[in-house]
Amino acid sequence: MGRLWDISNKIDKEILSFTVYKDNKIDEKLINYDILASITHAKMLAKIGIISEEEKEKILDILNELLKKAENNQIKIEIEEEDMHTKIENYLTQKLGELGEKIHTARSRNDQVMVALRLFYKDKLKEVEKATKKFIKVLKKFEEKFGSITIPGLTHTRKAIPTTVNIWIGSFVESLRDDLKLLRTVKNFVDQNPLGSGAGFGIPAIEVDREYTTKLLNFSRTQNNPLYVQNSRGKFESLIAHAISMIMYDINKLSTDLILFSFDEIGFVKLPKEILTGSSMMPNKENPDIFEIARGSYSKIIILEEWLNILPMNLISGYHRDLQFTKEAIFEVFETAIKTINIMAKTFSEIQIDEEKAKKLITKEMYATENVNKLVLNGLPFREAYKIVKRNLSKPKD
Amino acid sequence: MGRLWDISNKIDKEILSFTVYKDNKIDEKLINYDILASITHAKMLAKIGIISEEEKEKILDILNELLKKAENNQIKIEIEEEDMHTKIENYLTQKLGELGEKIHTARSRNDQVMVALRLFYKDKLKEVEKATKKFIKVLKKFEEKFGSITIPGLTHTRKAIPTTVNIWIGSFVESLRDDLKLLRTVKNFVDQNPLGSGAGFGIPAIEVDREYTTKLLNFSRTQNNPLYVQNSRGKFESLIAHAISMIMYDINKLSTDLILFSFDEIGFVKLPKEILTGSSMMPNKENPDIFEIARGSYSKIIILEEWLNILPMNLISGYHRDLQFTKEAIFEVFETAIKTINIMAKTFSEIQIDEEKAKKLITKEMYATENVNKLVLNGLPFREAYKIVKRNLSKPKD
Amino acid sequence: MGRLWDISNKIDKEILSFTVYKDNKIDEKLINYDILASITHAKMLAKIGIISEEEKEKILDILNELLKKAENNQIKIEIEEEDMHTKIENYLTQKLGELGEKIHTARSRNDQVMVALRLFYKDKLKEVEKATKKFIKVLKKFEEKFGSITIPGLTHTRKAIPTTVNIWIGSFVESLRDDLKLLRTVKNFVDQNPLGSGAGFGIPAIEVDREYTTKLLNFSRTQNNPLYVQNSRGKFESLIAHAISMIMYDINKLSTDLILFSFDEIGFVKLPKEILTGSSMMPNKENPDIFEIARGSYSKIIILEEWLNILPMNLISGYHRDLQFTKEAIFEVFETAIKTINIMAKTFSEIQIDEEKAKKLITKEMYATENVNKLVLNGLPFREAYKIVKRNLSKPKD
Amino acid sequence: MGRLWDISNKIDKEILSFTVYKDNKIDEKLINYDILASITHAKMLAKIGIISEEEKEKILDILNELLKKAENNQIKIEIEEEDMHTKIENYLTQKLGELGEKIHTARSRNDQVMVALRLFYKDKLKEVEKATKKFIKVLKKFEEKFGSITIPGLTHTRKAIPTTVNIWIGSFVESLRDDLKLLRTVKNFVDQNPLGSGAGFGIPAIEVDREYTTKLLNFSRTQNNPLYVQNSRGKFESLIAHAISMIMYDINKLSTDLILFSFDEIGFVKLPKEILTGSSMMPNKENPDIFEIARGSYSKIIILEEWLNILPMNLISGYHRDLQFTKEAIFEVFETAIKTINIMAKTFSEIQIDEEKAKKLITKEMYATENVNKLVLNGLPFREAYKIVKRNLSKPKD
């Protein structure tokens, strides 16, 4: 079966494949949300009298049948069908004939894809949140186990002041908890129902009941202005990516720490052999690939956010097909982030601290600031105390 | 007077200038916040008994004197002095001798700069908020004046469905209101007191009262973990930049709309001559430079956000001097955004809608969707109605 | 069969899958180059006496057998095998027993992957060049057909001076020809043989003959310093992406032109129905999706270049697993660019210019500059002539 | 005196300041090139008979007078004057009356700014080249002094194989030499004369002699298509930025190496006290700020390149005022890069290698690959030799 907009003009296969891009593949993972929204849309059409109750029931039966297939990943979308929207309408028409042709009343693929995406985002943001909480729990356990051990505090990649595992790991716990707050804000932002906004200018002639679909789909509110719905494409996705990038920022830093702190001559972090990888040529290598990839994943997220930022640049209000790329970007954001946060939680629980090695690193001069402060407590002005301690440090040791 | 960390080693002028970068210039605009925080720090030092009440009063006198200079933009910082922190301590020592040498007790330039920046951010975010609210007000007035006029709704830069100025401008109003919500979240995020965290590992030997400075400086809470304070450098700035980028995103889109909609053959937007600029060679030109620069300013903000995202990449926990660049980035973000939002508010109030030109653009085929929907209301299935209307459109006109 | 570096330590499946990432899938498209390089490597091992002539022949037989499979896309790489390097060695060992175990002598996967990638780049750059040349040819034909037609020249999205299709399309021809020059420079840059550099520090104890493999693999020179080989990972890829981004920049601009110039009220560009796409809701829509996606593809390329720029940031010399992401990035660069350039060439040949519509756009005031210049030729100073013409333009028309 | 395009319409000061942006400040550094091009333009006007020989001489006298001021940095451009082009014409008119009004014949500020920029780029690229060559020389000297010392070769931030200072530093020398090649290509790219292309559509009615100005200004060729001239704005700048980013990439990596290799527990790199900076609170700190800023400067360059990439995105052919930002971007690129390369050359000459510390780092297991290869030379298949050596490494040491 064909596309929703064909009548006479045939489209060249190469051209079609170019415009469909990865959409059919991506939509296979998204179609369950589209079906859910279609079910709601059918209920709304019945409520406002476009279809009868009986028609609604028939449509729901078929959509529920399709939903089951979707949930079992049994739906394949061919390039000829373009996307999930076409798949759904074609399926209905095939099963119900003329009745299937009613499903697209009072909606455009423009609002249809956005409602599916929003439902998807809400689920995925929950997954990110869950993974992050699990990771925080693992970090807290690590603190319990090793928290009181003294390790070198570094600034400028130079030994500065003794600190503890509690301070080190605690910094990530506090940071991730802030990240969770931002995640919740973003979730609330995204939690706006776009269904019923048509192609960005509402539905002519037919009065749709948007509050009804908002309620049924469990959105916290309706995104009122139909043009804002279209103009938020890319913008909301970028906000999601940014919130996630902050979690990945923490993982980038923690991974960098782990890689350096487990370096041979530093070594107070002990990575278990089970998570290290070897070299094909050098038998001596045990490499922290896992944390290198986790580290590098941050770059992927911020680059995807940047993509989302620039895609809609200098484009007038309303939909443009360029925005199709936002799907690819945001799918990669979620997939990369969830996988990485989970692997961090999984592997971190096996990491150890080598107290002996840590102790060796805490050399005398690291107490210089403490010595200054003790002189201060004895009445010396800070800067004078500082100079005295500094002068002593420069003296040749015997 | 010299730097805070010199004793013996002299530093080459070219090297110093390279490391100071633009810091002395930027700090001239930031120093009032550093003085305010120094006043608070002095009070705290008195409270915990490091300095006496009398000493505190002397220090406060001098700092208030310096603050007045700062507020009158009378403070110049030379490269030899490096930064505002050095300026302040040097000034105190010059005026108070040994007593001035006490001000840096229990603090590092690391937490000192961050508290100044946070205070600065809070003020600037308020400015952004104020400018945005003013802009929204101007847009609302515009809606009142021209809202009911019908204009073409476009998708894919193609005429789609008739819409109204209300829908068009309303999309920006609703979007900007969402932006304000995000701005408030970000303000709350940033509203954490870093003072007392030292160089990222707390203050050895001396028990500082961080809750006290949090209260005095009117922060909503203390940023507890000292290492998190340092690790949030760049991260918080990126979040600010992101929130602001969303406002600038709206301005990018609105400017793009204005430029196209006032193009000769479209022309339903009328830009007043007073805001247009001419050409040195072509007497006929009246160019919308102002909206081109507003449009381009979005690119500046997202690029600065990207800079903030990548600067701390792959660096271990704790401060690194690379992060100094975050100052330049965030200063440019605020300056560009505030100026642009204000100019939009100022110029928008003079823009007009040409109803006649708008009417001419609303050609018959734009009612196709409405016609489909009317057939649907008469009982036809949507897809059938769609096909009928499409077929009629393709018929040769006589 | 297992990985090349296992002896005792088992690796968790989830961890392995995380580290392998998309490598096994990507390597399926790259393995023919790896086999080619392996054939050369075997010849070199024979030349320096590590394997005998007879052994070499046996190895070459098997590798050629595998190469045939690769060329028919018959090779699947499972996650357990990690990558193409492992696939090849395992295949050899399976077929040849102990002799297969000799193939990895004097090489590391580090130089092995780079030689395969370089061979791949050289081929792909040729493809890009070929597609670009074809596109230029199509543009030249377009010039021949429509070149002399007068169209409006725009600056600031405002009518400026009459120009011709020759100037308009010619600007892209000249630009693309410059792009081809850059492409050739980049090809020369990349044309350095990395094989024999091991893991970045050469091959201990064994004297490899790098010039020999350079000659056999048809590289223009050997990349001498082994550490430079590793450090150029990401850097060379970024250079490739940059060169390609310049072609895509031209396509972005041309697509933007086409979309606006075919807009209803401008319309001097006529896009054939065959390449337009419709709307699911609005029967009147004929959308230039193809040029919107071509336009948006530029953003994808520059974002991938940016990824390549930041991935190696702040990492010390030598390989890091983060760099694995460079594969994904550069593969996407080539795929997106080649597809887009080809589609532009294909569709452009069907585009028409509507001379009537163009003529209507050339309004009187567009000759203002010409009028100024004519006054200048009659002896008036330019600025005075400019003012006279400008004053006349402002006069109310009757 | 006013702007070149004013007649009646007054422009608001705030609006003017917004559109002028930093242009007047930047133009103060660029004006000497604009004057040089104006001198050439006047000669060309005389050659084609627009002005007489005598008039030409008068104009050249005044322009040469102004050029001297420019070379002494004595020219200030006020916001009211907008830019250097206006400054020059106003200056001429002030001194020569009506004759000054002839200078702008047959040129637009569009081609005028581009010719000034191209001349500026050519000079600055030479500066970059010179600084890079000096840096290479310093590295070569370093190699001579310390080249034969054995240091640990690292992959994955893990000790891999012993290498030498020669390999380490040599990798940067070879890389920088490649960078120089790219720089030369870029210089050749930019070496195209845009003068005479007007606002992107040539000069109506007057036949200008572009080859003549190409020759006088010492360009290697004329950029023929006038619209390509305008469309290359941003594109050429991005190419320059990219070529420079590759040098900065090397500096980023080398700086990262220096910072880690001089870390207390590694320490085979010795940074002289003279280039280290201290802490205001911690007397023990000696920080490598200089290399941190050099490292961070890479991020600045790639972000500026990204800005240049996105600024022209989705804009139709021809000039747009958004492109004004390209000036700021490219000026920052040159300034940052030249300063950084010079400081690297300056400081590197004082760095030392601590042979003792290097030796301590070369632990036994780093010879594992060599041992494997020796077994291979004795006839063992590589993979078997590898397994033997690996098994020995895992044995508990006594």
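The chains carry the letters A, B, C and D, assigned in the order they are written, with residues numbered from 1 in each.
Just so it is clear, a residue touches a chain if its C-beta (ideal position, glycine included) is under 8 Å from a C-beta of that chain, and two chains touch if they have at least 3 such contacts.
This structure is a prediction, so every number in the text was calculated from the model and none was measured.
J.: If you tally contacting C-beta pairs, which pair wins, B-C or C-D?
T.: C-D
J.: As a test of understanding: of all chains, whose mean C-alpha position lies farthest from that of chain D?
T.: For chain D, the chain whose C-alpha mean is farthest off is A.
J.: Taking the mean of the C-alpha atoms as each chain's centre, how many Å separate chain C from chain D?
T.: It comes to 24 Å between the two C-alpha centres.
J.: So what's the Cα centroid distance for chain B and chain D, whole Å?
T.: Distance between chain centres, rounded to whole Å: 28 Å.
J.: Averaging only over C-alpha atoms, locate the centres of chain B and chain C and give their separation in whole Å.
T.: Measuring from centre to centre gives 36 Å for this pair.
J.: Could you say which residues in chain C touch two or more other chains, in rising order?
T.: 4, 104, 110, 155-157, 160-161, 198-199, 260, 279, 281-282, 285, 287, 289, 292, 295, 299, 302, 306, 310, 313-315, 320-322, 369, 386-387, 390
J.: Report the residues of chain C in contact with chain A in the complex, numbered from low to high.
T.: Where chain C meets chain A, its residues are 3-6, 9-12, 14-15, 18-19, 21, 85-86, 104, 107-110, 198-199, 273-282, 285, 287, 289-290, 292-293, 295-296, 299-300, 302-304, 306-307, 310-311, 313, 320-325, 339-340, 343, 346-347.
J.: Can you tell me which positions in chain C touch chain D when the two form their complex?
T.: 4, 7-8, 50, 89, 93, 98-106, 110, 153-157, 160-163, 167-168, 170-175, 178, 181-182, 185, 189, 198-206, 223-228, 230-232, 235, 238-239, 242, 245-246, 249-250, 252-254, 256-257, 260-261, 295, 298-299, 302, 305-306, 309-310, 312-321, 367, 369-370, 373-374, 376-377, 381-384, 386-387, 390-391, 394
J.: In the complex formed with chain D, which residues of chain A make contact?
T.: 155-161, 259-260, 263-266, 279, 281-289, 292, 306, 310, 313-315, 322, 361, 363, 365-366, 368-369, 372, 386-387, 389-390, 393
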